[in-house]
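The structures come next, written out as structure tokens.
Shared chain: chain A. Partners: chain B in the first complex, chain C in the second.
For the complex of A and B:
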């Protein structure tokens, strides 16, 4: 084999000498085919183990020991703190909710636009929530009426504590398009 | 002066602006022989002469220079974020002119039987990479770096207050190169405008060499041999991408309302934009019944319209307007091509439906996050 190749290359390029590695192939001080493959497998297993270990550790970072998140359930004062017919902005920055009181009671609206998640502004003179990103508009009830928002703002669970304070639970949300606004916890009768 | 500003504000109304652009566009970039005939009859090809370029550039520059005296125009145009868009208007115009100018020159030369500009004349045209090319590249690199440094010192990026998720700036604008996408998001569900359509734009760009393997007019600037390809591409690039960036930069103000370039950005500008879905049009406005409870019955009309658009139009066009195209591409390539075109055209269709009929979604199934 080696001879043929060297002859061939010799005929093609007369000045070139036969490759050294081909000459030495059977002498034994080179690595054999069998041990090459076992080293190769060991190498690959080591590589996969190292990468796997690395990604396992990466995965661990998704579950931190301590979470610095604002609490999802909070006390929002007494029902009398809220004026009838007004959108209350006091919890917007801290908890991302608007608390609205109408003639019948109180409900809690999420400040996340249902289109792409910007925070709409409450425009008191126009009596609507208006999103600055793509122009979605919502009535005071949270119903979408202009712009691209496909569904109304979400409402959060609102209940009364024993001492008469309002408790807002953001972990439970009510979506109008699913008919959940009729749930007794979506609206606080006052 | 005031009447001129008022005129510009009036034609900046999206319906007027877009309709006039659409009409003028295909006469300037004739998509077929009929438009080409009118292009020749109206002598619109003089737009690509050197004289026209100088005149148009002076007019555009004059518009900006005169407009800057207006405080509202000045505050938009000179905002550091928007300066690149003003530059983009000139650059896009210049390079469009340059390529079309060369294309028309080549077409004329070929008609006269003369050699075209790009004809390779070995060995006289031979240039060495080193030093000829590398030197030019090196000088261009230095000039660009110097220009960027001066620009970034002269017009520093605005540093605003720390980000606050509870307070979105009004208007909240994407980086300028994404303003076209942001404009699309006004008319489509985020899933469509943010994921499906951008993916299809990339797929379509990748597919161009597979769709268009016509050897005629390839390898040099030419327009005559590939009118449809160039007109369609330029439509997507100039109207559906660049123009939306310009609209998003200069014409979108607080609460994402439309404002003319000389109009004061009034945060309380009231626009009646009560949008309704196609199902509400059918059941509430036309049939005077309530919306049906079942999603399928509610959305069946919208689904019929959309399916009709995508399933009936391609064969219909293959039999009528696009007969030659169908014969040339074959059924597989034709279907792929026409689907991409039809999807691209949904954008202007939905824009018009929104502006003229306040139609929000043709199919609206918010229960399952599917809106079209």
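For the complex of A and C:
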């Protein structure tokens, strides 16, 4: 109790510096109002930067550097491995593509239905791709003709390597409704 | 006997205020002094809990949430969120684990909670209980509805059967089409320097959600963590606010 009283009286000592002088005084251990505000703003900037950095790190955390998925560009064998007039299913599960060969050449169709992203089945007897989810149907060319699919299946880039092997690049896609199927890389003339 | 026990130091040290509440004020203090009870109103007017007015849908939603929490924790003792084991663990939970009904309780409870939450919203709308001063609690309620649906969505994938995989494939395509953050959404093409797109199939919101370009191990693990830890944690915070605001905004179904 005695301590508290003495502290109280200490703050009321007449020898204390008058408030008007506080602005100028930056001597010794006293912090002036002006420098207090600059320290405060530095502190806030540091706090915001640290918090922002933390949340950026947290966001980045969700994008791993290595994906354990099949590669986007792969070699699909030689053109002679594919029969004319048939839809080839060998890459469907691993890479999500059908390779189709007709009289003129070879093209690569994406197995992703353009309606909501399921995987259609190739029905050989009916000569069409049929999606089990909502019933979209596509011709062998990839053109949609029934069900809710709004546009044809996408095609991927197909080129020949120096040794004559087919290279499929899934990062580049060609959409019929944009007129991209005429692109030389969307179709391999054999 | 019970009253004597309530006067002991043991009882008083656990229950703040202790002793036998003898007056209305003391009874009120018992509620206010308990961390669990203080979310709840101190007293309820008889008319406020009329079943034909409230339908008890909010209370039922919370009750079902508790059932889902308990049954969900029990399921976690057997379920492994990997492509190799997820599906067979679900089969085991039904056929081999004692009380094989536990997984069905969780599944049916999830369906029931979605229904009761919607009906609760319908009731609140029909009785005008969204009006001031309760408008903020309506907003909290909408967030709770959204979280309930997200919990339902993330739990959907965990059985890892054909229905689950394709349902989430279809559902996660919504993220693909989101403006700016989805690689097929409007504005995504603007976020590019020259030929280099920043929002691609390997860097958009859908990728962050399913941890890959298509449904796989990453999606299963992320949905599992969100379903068991992330979303329940968030929904419990909002539920605490929701219940507390009911009391603060004038109690349940009382005109203010």
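One rule holds for everything that comes next: the second predicted complex is superposed on the first by the 135 of 190 C-alpha atoms of A that agree within 3 Å, B and C clash if a C-alpha of one lies under 4 Å from a C-alpha of the other, contacts with A are read in each partner's own complex, and residues count from 1 in each chain.
The definition used in the following text is that contacts are C-beta pairs under 8 Å (C-beta built on N, C-alpha and C of every residue); 3 or more make two chains touch, one makes a residue touch a chain.
In this text the structure is predicted, and so the values were computed from the model without any measurement.
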item	value
First (chain B), second (chain C), both or neither touched by A:42	neither
Partner with the higher number of touched chain A residues, chain C or chain B	B
Which of chain B and chain C A:137 touches, first, second, both or neither	first
Which superposed partner A:68 touches (first chain B, second chain C, both, neither)	second
Which of chain B and chain C A:116 touches, first, second, both or neither	both
Touching partner for A:150 - first (chain B), second (chain C), both, neither	first
Chain B versus chain C as contact partner of A:84, first or second or both or neither	neither
Contacts of A:161 with chain B and chain C, given as first, second, both or neither	neither
Shared contact residues on chain A - chain B and chain C	96, 116, 118, 133
Sites on chain A touched by chain C in the complex	59, 62-64, 67-69, 96, 116-118, 133
Touching residues on chain B, where the partner in the complex is chain A	164-172, 182, 185-190, 194, 254-257, 268, 270, 273-275, 360-361, 364, 366-367, 369, 371
Chain A to chain B touching residues, read off their complex	92-93, 96, 111, 115-116, 118-121, 123, 125-126, 130-135, 137, 145-148, 150-151, 177-178
Contacting residues of chain C [partner chain A, same complex]	166, 169-170, 173, 176, 202-203, 207-208, 211-214, 216-218
